[in-house]
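Here the chain labels run A, B, C, D and E in written order, and each chain numbers its own residues starting at 1.
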Amino acid sequence: MIPLNWYLWLSGVVFCIGMFGFVTRRNIIIMLLSVEIMFNGVNISLIALSHYLEDLAGQVMVFFVIAVAAAEAAIGLALVILLFRSKETITVDDLNELKG
Amino acid sequence: MSTLIALETARFGIPQWLWTIGFIIVKIAVVLGGVMLHVAYATYFERKVIGRMQNRLGPMVVGPYGLLQPIADGIKSFFKEDIIPTNADKPIFFMAPVLGLMAALSSLAVVPFFNGFVIANINIGLLFLFAMSSLAVYGVILGGWASNSKFSFLGSLRASAQVISYEVPLGLSLVGVMIMAGSLNITEIVNAQSRYPGGMYITAQWLGFFVFVVSAIAETNRSPFDLPEAEQELIAGFFTEYSGMRFALFFMAEYTGMIIMSSIAVLCFLGGWTIPPFVLKILPFLGVVPGIVWFIMKLYVCIFFYYWIRSTLPRYRYDQLMAIGWKVLIPLSLANIVITAVLKILLHHTGTP
Amino acid sequence: MINQVFFFYFAVVIVAMSLMAITRRQVLHGVLYMLLLFFHIAGLYLFLNAEFISAVQIIVYAGAIMVLFLFVIMLLNLREDVRKKQFIAVWPMGLLVSVGILMVILMSMLTVHIGTKGVWGIAQIERATQTVAVGTVLYTQYLFPFEVASLVLLVAIIGAIVLAKKRLR
Amino acid sequence: MINTVCPIEQSCVLTTAILLPVLAAAALMLINRERHTTIKWIALAASIGNLIAVVPLFTNFDKTSARMQFVEQYRWIEAWHINYCVGVDGISVLFVLLSAIIATLCVLVSWNSVKDKVKEFYIAILFIEGAMIGVFAALDMFLFYMFWEAMLIPMYLLIGVWGGPNRLYAAVKFFLYTLTGSVLMLLGVVAIYIVTGTFDMVRLMNTQLPFNLQMLLFWAFFAAFAVKVPMFPVHTWLPDAHTEAPAAGSVILAAILIKMGAYGFLRFSLPMFPDASQAMAPAMVVLSVIAIIYGGIICLSQKDLKRLIAYSSVSHMGFVTLGIFSLNMQGMEGGILQMINHGVITGALFLCVGMVYERSHTREIADYGGLASVMPIFSAFFMVFTFASIGLPGTNGFVGEFLIILGGFTANKTAGILAATGVIIGAVYMLCLYQQVFYTGVNEKIAGLCDITLREIVTLLPLLILVFWIGFYPGAFTGFMDATVASLLVKLKGGEMHALNTLIQAVVR
Amino acid sequence: MQISELSPLLKLLPEMIVASLGLVLLMVDAFVKRKEVVAGLALAGALAAFFSLKFGDFGVVFGGMFISDGYSVFFKLIFFINLILSIMISGRYLKDENSLHGEYYCLLVFSTLGMMVMASAGNLITLYLGLELMALSTYVLAGFVRHDTKSTEAAVKYFLTGGFSTALLLYGISLLYGVTGSMDLRTIAAYIAQHGVSGNPMALLSLVLLSCAFAFKIAAVPFHMWVPDVYEGAPTPVTAFMSIGPKAAGFAVLGRVFLYALSNMSVEWSLILSVLSILTMCVGNVMALVQTNIKRMLAYSSVAHAGYALIGIVAATPEGLSATMNYLFIYTFMNIGAFSVVLMLHTKDFKALEISDYAGLGKTHPILGAAMLVFMFSLTGIPPMAGFIGKFYVFMSAVRSGYLWLAILAVIFSVISAFFYLRVVMYMYMKEPQRPGMELTSSHAIGAALAVCATFVLLIGVMPERFVEFAKAAVKMLYFQ
């Protein structure tokens, strides 16, 4: 039997890697990927907890998280396309019209 | 893990887990060998069928009736020069065909060819099939992307859009079957059909079957939905730049995909390896025929259907393709789900199984 | 023993893949590493008696979301852009912060006290099969969130269409 | 808290006085902005009407009672036990009257000088009038704060829109200084409510708060009142605001607004935090004396008419706070009286400056000279007010300052002496000013000015009358406050023989 | 189906009306060319939902997933007011921007539905889905004017930060789930009350993560980075909409989760939130000082107001909660009012987004100027405007809970805020018009919205009794109590 800690640690590591990617990368698509990685980190811990708690709420939550992630990806990528059409860039640093 | 591995109990002084693994490996070898052979001869079959439909003979030279033609083709492509385009994204270029074939082949793991013969009899068999079929698109996309060629690129763009779009009705069309069988395990789905009049779900799920067939054709990029590889427009689409063995891998992936789709159709709508009860009632001696025969017969009927359509129908336009997918098939499959669910509840309330 | 080995394999690959995914210059490569990542996470879920979720993970993440990413990358033809810096200039800061937060997270989970256990033990789930178990709670207890989720997806569809359709001007 | 409302016992004088101008302002909003004359007349009618409406306060006031009179109470926000409660006692009644008078004069003085955005100007003036009376009449802390703050908006606009060239700076400075002070007071109000559970000022005056809390609250309220007065370190907004405001604005600022601070000390600090006030009185006295001397010295070097009068206000308000915090009968009565006096005198002076500015468009003292020969009637008026400001016997200034210095001397000899020095400095700068402006050779810039008109004479006349009335018969005014001030002192120094004596004195008188 | 089966659905009446409104709008939009019809229908539906609050039933449905109580009804009231006013002020702007599509109203409605689900959530899963429903719709709304690169930019920024905050929220939820073994708020509360989690670092971590995630939604510092850019870039009516809705919804869940599910950890979260509150007021007010763009200024002002409203939560008492609710209620009117003035100045040819563009407004358009004056003073918190009542109540609750120092800081910051609000007034009244004949973009709907806002700002300022009592009663009727 694997201790619950291990799963939680793994989830924490994945979450932080995602966070690192989000704060250090400036490519919007990579940033989206980073957010997805963060979601996956959370999912790992939810599934593990659900297993150890002998409760299905965690799994249901993961199900919804995945569904919502799909929805978010759709909107996010639509925004990326929109952005690329008008500005020919997908780098956050080029989003410089709004400053002050 | 335990659910993944069907445990066998035989032992001759060898640890049980080794037996299990050995047995699985043997099963895999058998299935792969069989399917690969069928893939090879599916090409032969196609050329023959289309040849006949076009009033010609098809391959006749290599071997009797040209029966060795697929072997010859294989040897030829194996020894052909492997050309890699300049500026290609090499790792991805190498990976793409393998990925496509892998996705197709791994689907075989959950396909029961006859009662009890399945590599992994898992509870979520149908979902696994979905998962693997949804991966098929990677080979296409990556191949087109990595080739660094306009034709490949456009082809793969079209292919990915098409495959993504048609995955939805494909999945939804099977939901009716899931509702009726109450399980995702394919063996159970087949068994559940025997309780049903006609021994197959096609009688009740004809709408689902129609949607499934259409989207399966589109999903495997076959005519009349073979826009990604439309010769007149795009040379060969996403695998324009591929040659030799890699080209052959794509080719194999496509035909394996056809076989997978056909087997899903057989398993979920046509009663799998079982003989329809009414046939058995009239001709009881047919009961001794092994299930695999029925399965392969049904499979080849489906594959024949593919070829028939290919030689009959003209290709659709791209916007028509999309329109059919989104505006016809998806609503139809949704309607199918609703009708099935309502009927199931009503029947459940009235006491009929 | 065998469990531990498997876990370590999955853990190492998951961490490695996620690191690779966020550090690639080529977006496409990142997406492919993500693909591998998802497969391994799905494998991990099998350990935890969550085969349904595992399949959903592959179908939705690998089969839909990542394909969507790939599709967009192709649509916009986002090739390697060497002019752009890969990371922000102060990325060590980001690293420091992330590692700091990671340390906090790891430390706080040295010992875990979990709450009251529920009714869905392993035996219970295996008896009902996991898909049925999840399906049952999903359509009874969690019906309301399920309905809301359907609206979320509807909104995503509307939104994507509104944003990405050709301009009307 | 009074739950039942008994309308028979209630007069509606104060509510009328508050609402009448506000309603008139609302009516003005509906009138076409081009019809200047109509607007002016309506504003005048409203303010005079209000003046008439407050006359009962003067005639029906029971001078022997220290209790609140003309009380009206209605439930307002029950969730927080807030009532609409107004009433006046000996301290506030005079200010209500003064407010009504000053507002009328402001309407008169702006008759021709305001040409831009006339409608908005009179709306602002009328709003201010309502709020001013509200501040002096409110007997509920929440209501008081509402009026206190509500004054800010029209006053800010008055300075900012119709003011001089540097008006933006002055307006913002005024607004922020006063707002800073009053939000701290707001916290004090909230704290009091949380400790005692009521906003009712009459009840709070009879509530003994713990000393530490008193100290805290004293400083919270001090922030608001000291800014308004303005006391020494926080007075810097005043010269700017007075200088840049239009004539009417300056008058209101000088005559009423800065009195609110001193009024606040009398109404809140002394009765509600008596122990803290006593403990802090020396500090207040020191600040007052600094203000007196400092204000006076600064005045000596001023080159701008309005600025000079503004700084003289700092000095004079120093007298007022000195009087209040000398904590004896003479000082306190003197302080209150001096508040009225200062309102009259400085109001009049600003009116005068406004009148002459309207003609010459300059406020530089150096630009004037020999005005006495150009505008004789005007210079006569101005002279009276100058003398009153200096505190010449016979004018009201004398009575007030004398009482204060007396009180200050009783409390602290040094303070009394220094305050007396302040009077001398006051005489110096006022006389210098008068000489510069009215007697040296005629400056050609002001040569052709015509004398003040009848309307302007009418404007100044009431103030002139007040100057002499108070000067010759202060009892008419101190009479209003005797009982109240005495009872306040009893509360402050409860049980002490000293207070008893003053009480007896008051009753005997 | 019997009536008895229907009766639990009565508790969902407003939600059902709003959800079907969204779907109907979608269908109508497909067949109707004149988008004004869609707008009218949306307005009618929103009003119907607004009045349906009266007939709704209190109680818990779906096994604790959905709670209909006084608390949620109060917030729904705010959401509906926000929705109605937003619909009213949107049409003209979108038409001028050539972006009048029916989906706009549909998304507004769905976003509102998401907020309602959040306010009523009795389970962390419901909360999360409601939040996502709201957020996704708002992302799209922010980028709704597609040809405007600023709008797109705003949407992208909003989306990225929103996604990040969602991840934080999820992590917090997962840890809380691990600590207590449930997603149900009531069970969580019971577990914590019974076992106590004070020494559990995981619980603390989850608290921090949840605070961060909610801080994103209510735009509290240091999670406010997105606010100015998004508010400036998004279409102005959308900015108005999302300066209130998501913020109020964030406060709704903040109140529900922190004050009830985690009420036993109030010491910890009060500390976190008080720091957030101070930072928020400080940064919001100070940054607003230097803005020249009115939308950006209002964005920072909105950040600052989140800080004030947080004070009520920090107080951690029912009174504080009702103070916050009252604050948000008032804020709805004054902020939408201010934005509708901004909208009216926006014409096809001239955007008028700089504060200096307001020069002379008081002279050229006295009524509009007066309205803006009222809103600005109300935002500053000067009586007799409603903003004062809001602040007063919040400060009172803070002082009562012993947070005098917090209240002192808050009033000091509100004095600082006077600087930039007054600047608008100054430009309007004390400067001469820059452009001859300033044109207005006006319609009956915007005018009506403006009138409603101004009326309520003054009405609540003078007669707050009813509204205060309402907020108090709403908290009293909170399900958990």
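Couple of notes before you dig in:
In this section, a contact is a pair of C-beta atoms (placed from the backbone, for glycine too) under 8 Å apart; a residue touches a chain by one contact, two chains touch by 3 or more.
Keep in mind it's a predicted model, so treat the numbers as computed, not measured.
Counted as hops between touching chains, the shortest connection from chain B to chain D is 3.
The chains in contact with chain A as well as with chain C are E.
Distances from each chain's CA mean to the overall CA mean are smallest for chain E. Taking the mean Cα position of each chain as its centre, D sits at the greatest distance from chain C. Ranked by separation of Cα centres from chain B, the top chain is D.
Centres computed as Cα averages put chain A at a distance of 26 Å from chain E. The distance from the centre of chain B to the centre of chain E, each centre being the mean of the chain's C-alpha atoms, comes to 52 Å. Annotation: 28 Å between the Cα-based centres of chain B and chain C.
Distance from the chain D centre to the chain E centre is 43 Å, each centre being the mean of its Cα atoms.
Chain contacts: chain A has residues 8, 15, 18-19, 32, 49, 53, 55, 57, 60, 64, 68, 71-72, 75, 79-80, 82 touching two or more partner chains. Residue positions of chain C touching 2 or more other chains, listed in rising order: 47, 52, 56, 64, 68, 73, 75, 105, 109, 112, 114-118, 142, 145, 149, 152, 155-156, 159, 163.
Each of residues 125, 129, 132, 136, 139-140, 143, 146-147, 155, 177-178, 181-182 in chain E touches at least two other chains. Applying the touch criterion to all chain pairs gives A-C, A-E, B-C, C-E, D-E. The touching residues of chain D, counted against chain E in their complex, run 33, 76-80, 117, 120, 145-146, 149-150, 152-153, 156-157, 160-161, 167-168, 171-172, 175-176, 179-180, 183-184, 186-187, 190-191, 193-194. Interface residues of chain E, counted against chain A in their complex, comprise 124-125, 128-129, 132, 136, 139-140, 143, 146-147, 149-150, 152-157, 159-160, 163-164, 166-167, 170-171, 173-175, 177-178, 181-183, 228-229, 232-233, 291-293, 296. Listed in rising order, the residues of chain A touching chain E in the complex are 8, 11, 15, 18-19, 22, 28, 31-32, 35, 38-39, 41-42, 45-46, 49, 53, 55, 57-58, 60-61, 64-65, 68, 71-72, 75-76, 79-80, 82-83, 86-87, 92, 95, 97-100. Residues 104-105, 107-109, 112-118, 141-145, 148-149, 151-152, 154-156, 158-159, 161-163, 167-169 of chain C are the ones touching chain E in the complex. Per the touch definition, chain B reaches chain C in the complex via residues 1, 3-4, 89, 92, 122-124, 127-128, 130-131, 134-135, 137-138, 141-142, 144-145, 153, 156-157, 160-161, 163-164, 167, 183-184.
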